[in-house]
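Structure, as structure tokens:
Note that the chains are named A, B and C in the order they appear, and that numbering of residues resets to 1 at the start of each chain.
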Amino acid sequence: MFAHFKKKITAAAAVTAAAALALTGCASSSGENDTLRIGIKYDQPGLGYQDGPDYTGFDTDVARYVAKELGYSEDQIEWVESPSANRENMLSNGQVDMIFATYSISDTRLKTVDFAGPYFIAGQDLLVQKDNNDIHGPDDLNGKDLCSVTGSTSAKKIQDQFASNVQLVQQNSYSDCVVALNAGMVDAVTTDDIILAGLGATKANEGQLKVVGNTFTEENYGVGLPKGTDKCKAINEAINKMVETGEWEKAIEKNVGNSGFEYNRELNPPHLGDSCAQPSEE
Amino acid sequence: MSFGEQLSTLFSTYNVFEAFWANVQLTFWAAIGSFVIGAILALMRISPVPSLQFIGAAYVNLIRNTPLTILMTMAILGVWTQFQLQLVSDFEANFFIYAAIVLSIYHASFVCEAIRSGVNTVPVGQAEAARAIGLGFFPAARHIIFPQALRGSITPLGNTLIALAKNTTVATVASVAEASGMMKSMIEFNSDLIFLIFAVFAMGFVIIVVPIGILTTWASRKLAVKR
Amino acid sequence: MSSSVLFDTPGPRGRKITTIFNIAAIVVLLAVLAYVAVVMNRQGQLEAEKWTALFSGYAWAYYFLPGILSTLKAAIIAVITSVIFGMIFGYMRLSTNAVVRGIATVVVEFFRAVPVLIMMIFFWLFLGQFSVFSPSQLPFIAVVIGLTLYNGSVIAELLRSGVKQLPRGQGEAGLAIGLTPSKVLRSILMPQAMMTMLPSLVSQFVVILKDTALGYIISYPELLASARRFGSGEGNVLQTLLLAAVLFIIINFALTSLATWLSTFLHSRSSSGVKKADGIPGEVDNANPATIAMFKIPKA
């Protein structure tokens, strides 16, 4: 009964929000077209990936769904590459309207940007070769070789907290790490589980790699928005709807399912309230 | 947090000196490596044997026209992963050696040309005189031509050394923890101090590069063959 | 000095030794190539599919051609801006005003000492703090600025050394007919110096083109980046990197040939002899006489 009531409200709110957005869209369209600029990764297979002329991945699918719920057709979406280093700046400078780019909600970031969501709760994990049976978690990495990207803190975390005897190699991108993993030059690659699953699901790697499935951090992937936004509610409702209709599950299956990856069902799928993400209490 | 505190945390989190030390060490080893390879190449290119000349010229032409970044990427993604060529079991040392080898291979072509341009400064009469007193190719090259040529090539060799010192930053592609990579992460996590961080790294290179320039200018004047 | 004076025209014995050397060198070369082939075969790198994928329409339409275009776009724009930067600062370096000269010297020396990569990273992250440029353009702009500051400084030096190498009489004659020093510089010295430095300038363009590959590190989708992206998707990284290297070599070789041609063309045109610019401190890649001559494989 209550759920039913809530659903109605949701729908009504979504319509209002869409109308409001459409209005603001028109208002701001004095110089530009009526488009929604969405920041995504271009180089993260399974999440945000520029595949020839197309943009694929879980992030882009969630973004498409949310955009549709906000009243934008697929043609009105303008995809913009947002590398990790530029995400806050791009939002505060108004270069993008929202970001779906494996963007973890954190207290530091909440000082400069707002987040809707999270639409997925990831965790740091390990990617290993399919037939590897001695690595079950970060503690097993002593004396092993681990690959991560230059400047990333995730490998450092393993070295500091779990396995001080791990050897690190830093590459320019995770796909370079996977090349080394496939060749047997490193034993594991580390970053968020869903990113690893996306790497394992690509055509070249399908059936050769597996995500260990023992996450040891919690990363809340949020929708990055400019500070002071009023869109959190509408976006959260769109995400809730995506989960309820089963589209969310389908998007996961379609984009990273090939890797045999099982997302953390205790934390996922998220159920969202109306407000933007809040800083954690001290 | 005051500016001073911010600075001290910044420079205690990141060991800038250690990063630069990696660049200096790479410069040192690659300078030796590229000089040895480059000298052999120069010898091949001025030798009487056509096949050696061809190999020397082909090496120089191919390597000089290839971006260092591609060579470095190829060494790691191509050679290390695909040929599974682990030079030493320690990762840090392995990638350092890889980077030093790639820098040596790349700059050897410039060393070769620097030496050849030095050979060009030796007057024909010197070689003719050497031959007139009965010296063959190797004795003439060793006793007459090379000593003079090396003096004449000090300036271009110095230029190569300077380029090498700066190009060690590309070793970041080969997983070596050096200055450019550290600067990138420092700015990413402390974007408000971007100018200061850039100034520190830029000055670091000025401090490395300018003395090499001054030294080579001085040496080329001092050792110039008076003619 | 031509290298041929180092040795006699070989006699029968010399020719025999040369032949032995030739054969030995070819054998060693073939042995090395064979070893590489064996290792590649063992690692499955010679599988036809890994190579044929390089020549599919898809690879070219979405990876290699856009990559080449991005590389050329950055290189061409950087060439133009570097020449402008170089002219301005070369002119300032030759100024009679000590302050202007001093500023130009500091600027030029600074940008020649700082690695291009350091400058690219700085401008990439620095410009990201403003909303002036669209984020997808940032890497491109950072690449162009980094290349301009460095190569522009080198060109400024080329111009200065070109002017300094002109016969003193040229400037004196200009002053004698009542031109001001700056007018002498602009109408008499600079045009001649530019002719002298033309071959070196073209060689500097090779440096610019090669250094666009540094853009890979700051996520500029140039040839190396797109090749690598394609390679890790298809599982043939080694092959795609080789192709990228070959493409760079072809473009650069064309540029270097142009430099060689220009050098001989200008040489034959001016009776007083266009002096080729010497190598200048801080830079190896500019053309000194030897580097221009190097593309002619010496005849024995």
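In the analysis below, a contact is a pair of C-beta atoms (placed from the backbone, for glycine too) under 8 Å apart; a residue touches a chain by one contact, two chains touch by 3 or more.
Quantities reported herein were computed from a predicted structural model and do not represent experimental measurements.
> May I ask which two chains are joined by the most contacting C-beta pairs?
Ranked by contacting C-beta pairs, first place goes to B-C.
> Considering only mean CA positions as chain centres, point out the chain farthest from chain B.
Chain A.
> Can you compute the centre-to-centre distance for chain A and chain C, using the mean CA position of each chain? Integer Å is fine.
41
> Whole-Å distance, chain B centre to chain C centre, using C-alpha means?
Here chain B and chain C have centroids separated by 16 Å.
> If I count partner chains per residue in chain B, which residues reach a count of at least 2?
73, 77, 81-82, 84, 172-173, 184, 188
> Where in chain A do residues touch two or more other chains at once?
Residues 85, 172, 176, 179, 182.
> Residues of chain C touching 2+ other chains?
125, 129, 216-217, 228, 237
> State the interface residues of chain C toward chain B in the complex, per the touch definition above.
Interface residues on chain C, with respect to chain B: 1-3, 5-8, 10, 14, 18, 21-22, 25-26, 29, 39-40, 43, 45, 109-110, 113-118, 121-122, 125-126, 129, 206, 210-214, 216-217, 224, 228, 231, 237-238, 241-242, 244-245, 248-249, 252-253, 256, 279-285, 288-291, 294-295, 297-298, 300.
> In the complex, go through chain C and note every residue touching chain A.
Per the touch definition, chain C meets chain A at residues 58, 61-62, 125, 128-131, 134-136, 138, 216-217, 219, 228-229, 232-235, 237.
> Name, in rising order, each residue of chain A that touches chain C in their complex.
Residue positions touching the partner: 39, 43, 45, 52-53, 80-83, 85-86, 89-90, 93-96, 172-173, 175-176, 178-179, 182, 202-205.
> What part of chain A is in contact with chain B in the complex they form?
84-85, 145, 150-151, 167-172, 176, 179-180, 182-185
> List the residues on chain B that touch chain A in their complex, please.
Chain B residues touching chain A: 73, 76-77, 80-82, 84, 86, 90-92, 95, 172-173, 175, 177, 181, 184-185, 188.
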